[in-house]
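Here chain A shows up in two complexes: once beside chain B, once beside chain C.
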Partner chain A sequence: MKKLILILSCVLALGACKDEKAPKASAKPVVKIGVIYPMSGDASFLGEAAKNAVNIFFEEFNKKLHKFDYQVIFEDNQNKLAKQATLAQKLINIDKADVLVTVMSNFGAVVSPMAEQNKVMHVAIATDPAVAQGKYNVICSSNPAGEADFLYEQLIKHGAKHIDVVVMNATGSQTMFDFFKKKAEQEKGLKIGQVYHVNPDEKDFRLMLHKIKENQPDYILAFLFAPTIDVFMKQYKDGGLTIPVTGVETFTYLRNKTLSEGMWYVDAAPPTDEYVKKYQIKTGSDTTDYAEYMDFVMQVITFGYEGAKTKDKEKVISFIESQSNQMLTAVGKITTEPDGVLNGQPVLKKIINAEPVVIEE
Partner chain B sequence: MEYFINIGILFCIYAMLALSLNMVVGLSGLVSLAHAAFYGIGAYAVAILMTAQGFNFWGAMCVGMLLNGITAFIVGKILSKFKGDYYAIVSAGLSVIVFSVLLNFKSLTKGPLGIYGIGKPAIAGFHFYSSASFLALAFLFVVLFYALFVLIDKSSFGRALKSLREDEVLTVSLGYKTTKYKSLIFTLSAIMAGVAGSFFASYIAFIDPTSFQLAEGIFFFTMITVGGLSSAFGSVVGAALLLTLPEALRFLGLPYETAAQLQQLIYGALLVLMMAFRPQGLFGKFRV
Partner chain C sequence: MLLVLLINILIVGAGYGLVAMGFALMSSVSPFFNMTLGSIIAFGAYGVYGLTNICSLSPIAAIPTAVLFCAVMAVLLEKFIYTPLQSKGASPMVLLVASLGIYTIFEALIHLCFGPQYQILGGTLGQNINLGIFSMPKVQFITIVADFAVFGLVNFLLYHTFFGKTVRAVNANAKLADIIGLNNNKIILIVSALSGLILGLSGVLTGFDTGLEPTMGFNLLFKGIIAAIIGGSGSMLGPFLGAFFLAAAENIGVMLWASEWRDLVAFIIFILFLMFRPQGIFVKKEK
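Let's turn to the complex of A and B:
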């Protein structure tokens, strides 16, 4: 018992006494960026991609002249809300971070009020505009409302009258579907038939696909993420369905793209070809796993600080909000909306020879 | 300082959960994995009633406690017919059901989108906006729960529970209605978990169903196993240890490329070592 308490005490003491990572001596003022991401567990691929994106971004950025030095501190939230709050407090109060970066709307929502209270800039990769509320919050968004509108227009253009929808019970897909539904209800040009809600861990869609086959809609709208979309499309093919599948980002992260050969979909401000190539060369990975959005975030932060020429957060955010539409990011050109919403531009893509090809911007 | 206050608040919330769960598992020997469900019901009651119905924190918390009490009483009646592993499986089932309801009953819970802007408690015009005041309030509840645990532990009710834990057949033969005792302690524990949920929702100001999955229930179970079953002090120590240990590991200065994975590896290894050297937990009086 005594030995055990001794071991535990040593670990705790070691942790508590360890000197903080001292910033390198530099003549330039340092901007500390605290990145809270899932680095372990199911969503750790996001954290890995984020680390790669930061390395790639600063490798190039540091070659240019700049007024500030940027120090990035990564923290693992283990995909837990309670951890997110603790880490935000650690980064604000212990590490004295100037900027916090978060991913996903629900995690951004936890940090958003803390950023306001502590007057710390918070840049979130999120779809929900509520995360951007307040003076200190900015979201880099894939523009779900714009994507939903664009998808609706494309469906009408492609002669769709009746659709069935499969939507995953996850924040991003639900937000997207809500925007789409709102648009369809306003325009009244499209009948939404059956809506199937699936839980993130569901793997068997055969009964659902059988029902869809019987309903014979013009299109199946699939608001699903990887790896669920892979399973869904495999069972779709095995079931012999011919009703086209579409949606937003539907096939972006589909590993076996031959399953969706010839189908079109709306992609959310995808990474530029240049970025994809750069990412592949640096990491050897075929997929960027949202790394482009971290590049987008880093660009926004450095653009704000370098442009505003000050560490005054209000001035930096004001500069970002007024000037960032001039930036060419890893997701192409962006638009700026009031209250700190920076949006990428959706595009229409088609899978041709198992590769996504932009057919309309 | 705010960081340590934040850890203090989370410690208080986890301590409430550990104390309440230890009443069922430690005092009564019932392996319940349903605690995340009651934690979730309490949190959602506060979130929904405060944001959509204009309730204050205390009113919403009381409704949550009542809801938990009713749910636990009904479920407890069913659960009390089971023992050992079966009890654990059925209680885990409840946790899965509640999680599914929170995720899919979108018109009420907003499903995966979660609920934003949950307010803070107030008493006679004093709002617990500052983290320090919130910590003081949460700590007060930990003290109350601790006192309740000790009171029950030393009472005839507690002795009956411990007798049930050691030998249910013998306890029945002595004239005790064990199903009533099982059901009562389960209900009381659920009400207390609801209070912890209310504090969590109010403190984080945003909740979604991911915080109330079965895995959370297993984490609470780990807290009391590490701290020690049937011990109020052990519950509190277990909560403190499992909360502060991973935080302390953040300051080890591990290379950032592998820091997250190494931290979890060390954390896991320490738990394995601890269970190997001290299977009854640090201050445990009973082993499942």
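Let's turn to the complex of A and C:
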């Protein structure tokens, strides 16, 4: 009994000490940011980079004076669409998140109507402008229409007359192709030959590549993401094809960049040199894996809340839309379009010595 | 185009065939849908990846080591998980759920150890070899040769050796085999090792051909199971030819329509077989 009393006294004493040393609760209002990202699964590298980006961003942000405290809650969608709605519901109803952050158009499209319905601000890293529809949705993107126009101009400049297209069955790829097709139909300078639709988990392109080889287009436009692009490029090399491959963000996530040596492509606004250096120092990683876009998102959110000086979401979004033009972000200067679309500027890159190098801005 | 189609059927069919034979062999003595076999496939590929990239072993040393590791894993799983469960009277459904659980654990372990990203096994196996009228990567040629060789060897083992007789006895009636004095557990463990070797080899070859990701085993195993069901169990001929049948159907579908319909074609055939010919095409009729 004596021992028990002694132990209890020690625990209570420790508790009291801890209480004294505990920081006093901040008086600032808290903005809860719910981030739904692939933290596991085949795109978890995006989640890891996003988490790094959030840590780096708030490490600096918290040193400055600010009116709100920001609490970031990460939820893992495992890169599975089926999980997206449940996680968004959890963040809205249980965590009472003020802002939701999503990545990729098809995932953003799930949350977009929910954000409208629940009057929660939704910031999506997405290419499909439809995701930004409504009062509460904002897109931080790389300007898909601009990228498609830029790709078209580059193809014409490189003497392309006839192209074949490989499009992945995903909203982002399809949106990009739709923009490109619209531009090609308007300008009429380029013939789009065969269009091949593939599933994201496709592993056998051999027959398709043989068909393309027989068609002899000037270029193959590949609107594919990782890991599909890796398999595609490997089988392209195995098949001995020499028709150049290009597209938008085509080789950004390609693991073995020697497979696309010498090929050019249009890429989303790249991270600034300053950001790359900062990310490398903090994480030791050479590649940012789109962390810069999460930094961009966090900057936009904090800019909106700090600038509007209120938690009223409509006022915050209105402030972002009216004041963020020419804001300097981790992807350089951005432009703001109506209906909550914030864009970075695309660049032309070429794979030189297995590294993407910006050759035109 | 026809030649390319035929070659592709051969390459894809050989890949499916190895998995189908490994699965059929295992289910001949341990009759349930063992999803952990998918992990064994992934272990083969990741084994080579780990041994070549982390331990700096040459592929010549890494490949047999990884394949042997798969055989050991298959034996350990059978000995310490499935045999005890079966001896406690677990139903095939319980065994299926257990195997799914273990598969999930192994997939998570692969994630943890090697990351979730798509990886490529490098080396000279990716280089093309010229076969006169056409050329193909070495690894694809080896896959075709391995598929035929495994078919021949397993058939020889099952139908021309005493061990084969005992395996068939356990397959036909495990209780009776036990009564006449056969050591069922030992036979099951040897078959597990053989199945692990075949599936491990299939994983290694797939890793060299189309790359590796943690979920690769499940996708491949599913196609292997479909091929085994289409072909019919009871002999190795069913899974072996069923794999080519499945590959032909898929590739003709891709040629006529688009590659996005590949899985649709496979699953329609699967459902049709389950409905109208569940015993498979090449099943031996009971005398």
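Remarks
Definition applied: the second predicted complex is superposed on the first by the 330 of 361 C-alpha atoms of A that agree within 3 Å, B and C clash if a C-alpha of one lies under 4 Å from a C-alpha of the other, contacts with A are read in each partner's own complex, and residues count from 1 in each chain.
Following the convention adopted for this analysis, a residue touches a chain if its C-beta (ideal position, glycine included) is under 8 Å from a C-beta of that chain, and two chains touch if they have at least 3 such contacts.
Keep in mind it's a predicted model, so treat the numbers as computed, not measured.
Once the two complexes are laid over each other on the shared chain, residue contacts for A:A226 go to chain C alone; chain B is not touched.
When both complexes are overlaid on chain A, the residue A:N199 reaches chain B and chain C alike. Of the two partner chains, chain B is the only one touched by A:K51; chain C is not.
In the overlay built on the shared chain, the residue A:S40 is in contact with chain B and with chain C. With both structures placed on the common chain, the touch criterion links A:M208 to chain C but leaves chain B unconnected. Residue contacts after overlaying the shared chain place A:Q280 against neither chain B nor chain C. The partner that reaches more residues of chain A, of the two candidates chain B and chain C, is B.
Of the two partner chains, chain B is the only one touched by A:T86; chain C is not. When the shared chain is aligned, no partner comes close enough to touch A:N62: not chain B, not chain C. Look at A:G240: by the touch rule set out above, it reaches chain C but stays clear of chain B. Residues common to the contacts of chain A with chain B and with chain C across the two structures: 40, 44, 169, 197, 199.
Within the complex, the chain A residues that touch chain B are 1, 3-5, 7-8, 11-12, 14-16, 18-21, 39-40, 44, 47, 51, 73-76, 78-82, 85-86, 89-90, 92-94, 105-106, 109-110, 113, 118, 128, 130, 169-171, 174-175, 197, 199. By the touch rule above, chain B contacts chain A in their complex via residues 1-3, 5-7, 10, 100, 103-104, 106, 111-114, 116, 200, 203-208, 210-211, 241, 244-245, 247-253, 256-257, 259-261, 263-264, 266, 270, 273-274, 277-278, 282. Of all residues in chain C, those touching chain A in their complex are 1, 4-5, 8, 11-12, 111, 115-120, 126, 128, 135-137, 210-211, 213-215, 219, 251, 254-255, 258-260, 262-263.
Contact residues on chain A toward chain C in their complex (touch as defined above): 40-45, 169, 196-199, 201-208, 210-211, 214, 226-227, 230-231, 234-235, 238, 240, 255-256.
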